[in-house]
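Next, two complexes with subunit A in common: one pairs it with subunit B, the other with subunit C.
Showing the complex of A and B:
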């Protein structure tokens, strides 16, 4: 915004040949993304390496690449890596991506850097559905748990959106407030069900509510992977509209944007991503809040670059949190959601402190 | 979240003449007594109104019905009144102090501070005595309040509703992570505490009530003493300072009172939301902006609301019963939504 034009633009324009479409990212994005990706791979390898069964980092890498098939212990390696450790770690990564993307969008729409993906009651809706399934309706197999959670999350979000709709608009602040109210009711109902359930079921439900990736298998990974494959590109396609919305409703309208429609679509993407994440792993807090925040400081506020970068970073963070959760009280483990809250909340307080003059 | 309601200092109120304020208070008190009697007559065992009367005033320990009333129903309904009054007054003070129409000890993390401390107490001490329950509740509430208040009032702008609410939400999340960890790892504590964490009045006995009630009564009386100052502060810090008030002192004193009230209430009944949010709004609608009237009205109406909610909680799914905290959420949330839809200008 300075009077002098910078010698070269601070962004890179990607334009596929022949396509009527361009994608403009901040010049810092490629380097930062590379750094984050490297960081991710390192964390991933170390996380796979850590556990009851001892193996060297080299073995892990070779097993992942399938290059040590003639090693005498290969069968053990493969079992530990591919069946036990890799699915849950990959799942953490994908959940982190989904939550970070969802949070980025939510913060963009509400223009509030402290908004999180659960703003529209996704966590409480999914939580209620899950608790009903675990504690109250025990005739249905837990195989349906993710679907029930997804349904609960989407229904709740739709309900909150409907309640917040007034005079043809849904103002972000009404969304936030009504979200709080609905969440309180669902939490109350949830705690009632927990009250009358059998103590073992209740404890299981508590673990789920706290957010956990324990014992997840490839099926979960494929499930969330499929959703991400659709909705992450969708989010990136809407990035430019998100930028405009960030200028404020009036400005966006003035620029000819269909504000309500775009906000609706973006909210839908954000809520679905969060709901899918919650459905496989329970409510994991703070990742969707922190990842966009840190990434924004690295690559700037423009969403074209911010969305992919923060998705990567969110994934890496969650893999790290999973590692910490398995490590602190080994041989038993802390639910991943507890770890993110314990790390995330102080960071959030620090954010409040930093923004104290805002 | 720059939530702003219609100005709190509008002069419109339902009870228009000052002369009617005192009679109104007395009518409210009579209604409260009626609610209490109604609540006492209701229960699993059918007991006549006449027997209830006798049990209260001509207590005969050898009569089984009298025993039920004196040891089960009376403590329960008295706990309800105490908790309701405490939460409502705490809510009124908070809303006046922070000028935030949505302030409530639940939203501001004070309840979760107290419940974390109580869970911690049960976990560490096994079966703590009743006085330690209360002590843990207070300590937790005080620390949480201090933290939220500190976090929410940093910076040049001082305390804003947005910062305060965010600080409350994040502290709640942080503390409940620890609470959950304890409950996941220790089934015994979970079994003992799960009814309590939902906010319940069932099984409250006289000794626990006698442990916590004094703090709450002291808190309410003290809040009456500084009610005039709260009125001034609710007009805004600048105005209060301009009128020569030592705002720092008043705020510190009010914060202490809020901790006494909210901590005591949570220790007695577990976290119960929405009372502190709803009642002050209703009361302001009735009596206007003068905290000398808001506080006593809040105390009485708060007690009444919790008593009625408790009756409802016992009736809806007979013979089981809901925790009163759940009932309050079911009653309170629609009110909150209404508030958000119609009272909050964007």
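Showing the complex of A and C:
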């Protein structure tokens, strides 16, 4: 080898002393993650601060940390923060994380920056199940709505994956095309049911379909938090597989990757995260498309750092969207899904414009 | 020593049979070129012997193991394949691309070892792309990009390197550049190289062993100077030609006969077969 200085790698290797573990992240990740984390905390605090009951930002922080228990209004503070505001805000954050992670994986698998978490019919499957429960089968308690949505989403994704299977493979392009076809059918059935439903039920169903975190409680937070605790680290461990898939199927096979198996596991993680998110909040669009996309431009295309950074960013974005939704037409509120669509649609068009020659 | 052998191989896409009952042995530590007209099955054969395409019948054996029964990573440590016209994700740097060649040497928890680091740097040096290791692959020229991909395959650290049309879509200077690089890898590092080439003259120049395919069958195989004849070129490519000795490398040089000019040139300008047309080279 020559005596020249070897090029400095564009990554940092995390190799804890004594542990049989090493992980490689882009060297831009720590700084960007710090910036996003700061942004997240600021947005979280302001979001908790905003509402009918007036309290100072200082009070919010102290209440969160439990440092003002001797304040005369502490009981009120605690009620507002812990019971009313924190659950829905944390839920927004976790849903944003789940959707962003799901979207990052989906864009990686399909090698398409315009792919989103709902590519495999998660939204239409969950939507149909929810509409059936709300509008058609009124005997079942709405407590089961998240479970029905989760079931509908997973079932639809499994169906699309099965239909796309041919000669021992399921190529992304077949997944996309069959996904579009099945989604169209499910959407038609959903519309038909809505058409014959009672007006109140239909309105309620529409709010769910638009995506909303209104009135959610800690139970929902724990549910999605638990799934994330398993699947986010799993996705990060599989980041290397996503990188390899990104070089194209033949190259990946040449490098010794069991493409079909790895892609299947990654699809499963992506679909499950999206389905869990939809089950607690309805279909919130665009976050799973935008968060990975913007983050990729900040930290590069390697997934080891991209997955956690984009999860964090997705969470922050959704908390911001929730805040905007509560603010624009206060004291009424816009469903969070409407806000993300209003921000997301123009960005999507910008993406399409930028990719017009690709 | 890694020996790649295909026996009674039949390859097809869906119901289109491309190759039927073909057997070939890839000479170790040599450069082998697969040549033939479009649709002759040369790329299909390459895919067949690199496990990208499952054979309908027959088997491919690496040393003593059927490649389809080996663990995928074990195969990848011994046989690297660079597909035709690979595309890197937007923004991926050369260094990162080359690092991905270490995939078969890694595991779930050990994702990056000092050895990975060392071999990646070595691959960058050998292919002479260390200077732009930090540049995104999609901003490179065609020739530099192809070098980066070859470096990735090199980082895989396999004895055998298979390449599907590594020079297609490149300017002439880059074609020569890439072929020279492959030649050096063969001579200096003992890599066994198998490549599909479009240009018969380049194949004659750079390959030690030529496999000429037509209609999914091997029409000839052996050293270019032994197997390339005017009859072979006619029967494989359907082109009439004259064959001279390449003045630089002494390998066969095929001159296709142009229909447009044939009538008035055959008599006067085109050399007869018997004449030795080696231009006298000045020794400086």
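Simple rule for what comes next: the second predicted complex is superposed on the first by the 347 of 358 C-alpha atoms of A that agree within 3 Å, B and C clash if a C-alpha of one lies under 4 Å from a C-alpha of the other, contacts with A are read in each partner's own complex, and residues count from 1 in each chain.
The working rule: contacts are C-beta pairs under 8 Å (C-beta built on N, C-alpha and C of every residue); 3 or more make two chains touch, one makes a residue touch a chain.
Keep in mind that what you see is a predicted model, and the values were worked out from it rather than measured.
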- prompt: Putting subunit B and subunit C onto subunit A via the overlay, clash or fit?
  reply: fit
Task: Return first, second, both or neither, reflecting whether A:247 touches subunit B, subunit C, both chains, or no partner chain.
output: second
Statement: Check: subunit B-subunit A-subunit C angle from CA centres, nearest 10 degrees, reads 80
Query: Of the two partner chains, subunit B (first) and subunit C (second), which one does A:74 touch, if any: first, second, both, or neither?
result: neither
Message: Applying the document's definition of touch, where does A:327 land relative to subunit B and subunit C: first, second, both, or neither?
response: neither
- prompt: Thinking of the overlay built on chain A, is A:46 touched by subunit B (first), by subunit C (second), by both, or by neither?
  reply: neither
Which superposed partner A:218 touches (first subunit B, second subunit C, both, neither): neither
Task: State whether A:84 touches subunit B only (first), subunit C only (second), both chains, or neither.
output: neither
- prompt: Taking the superposition as given, does A:10 touch the first partner, subunit B, the second, subunit C, both, or neither?
  reply: second
Statement: Least Cα-Cα separation in the three-chain superposition, subunit B to subunit C, whole Å, stands at 12
Message: Can you give me the overlap between the subunit B contact set and the subunit C contact set on subunit A?
response: none
Query: Can you name the residues of subunit B that touch subunit A in the complex?
result: 1-3, 102, 106-107, 151-152, 154-157, 163, 166-167, 170-171, 173-174, 176-178, 180-181, 183-185, 187, 190-191, 194-195, 197-198, 273-274, 320, 322-323, 325-326, 328-330, 332-334, 336-337, 339-341, 344, 346
Query: Can you list the subunit C residues touching subunit A in their complex?
result: 14, 47, 50-52, 72-77, 80-83, 86-93, 95-97, 99-101, 103-104, 106, 108-113, 117, 121-122, 124-125, 130-131, 133-134, 153, 156
Message: Show me the residue ranges of subunit A that touch subunit C in the complex, using the header's touch definition.
response: 1-2, 4, 6-11, 13, 15, 20-24, 111, 113, 167, 237, 240, 243-244, 246-248, 250-251, 253-258, 296-297, 300-302, 304
- prompt: In their complex, what parts of subunit A are in touch with subunit B?
  reply: 112, 114, 163-164, 166, 171, 173-174, 176-178, 180-182, 184-185, 187-189, 191-192, 194-196, 199, 202-203, 206-207, 209-210, 285-286, 332, 334-335, 337-338, 341-342, 344-346, 348-349, 352-353, 355-358
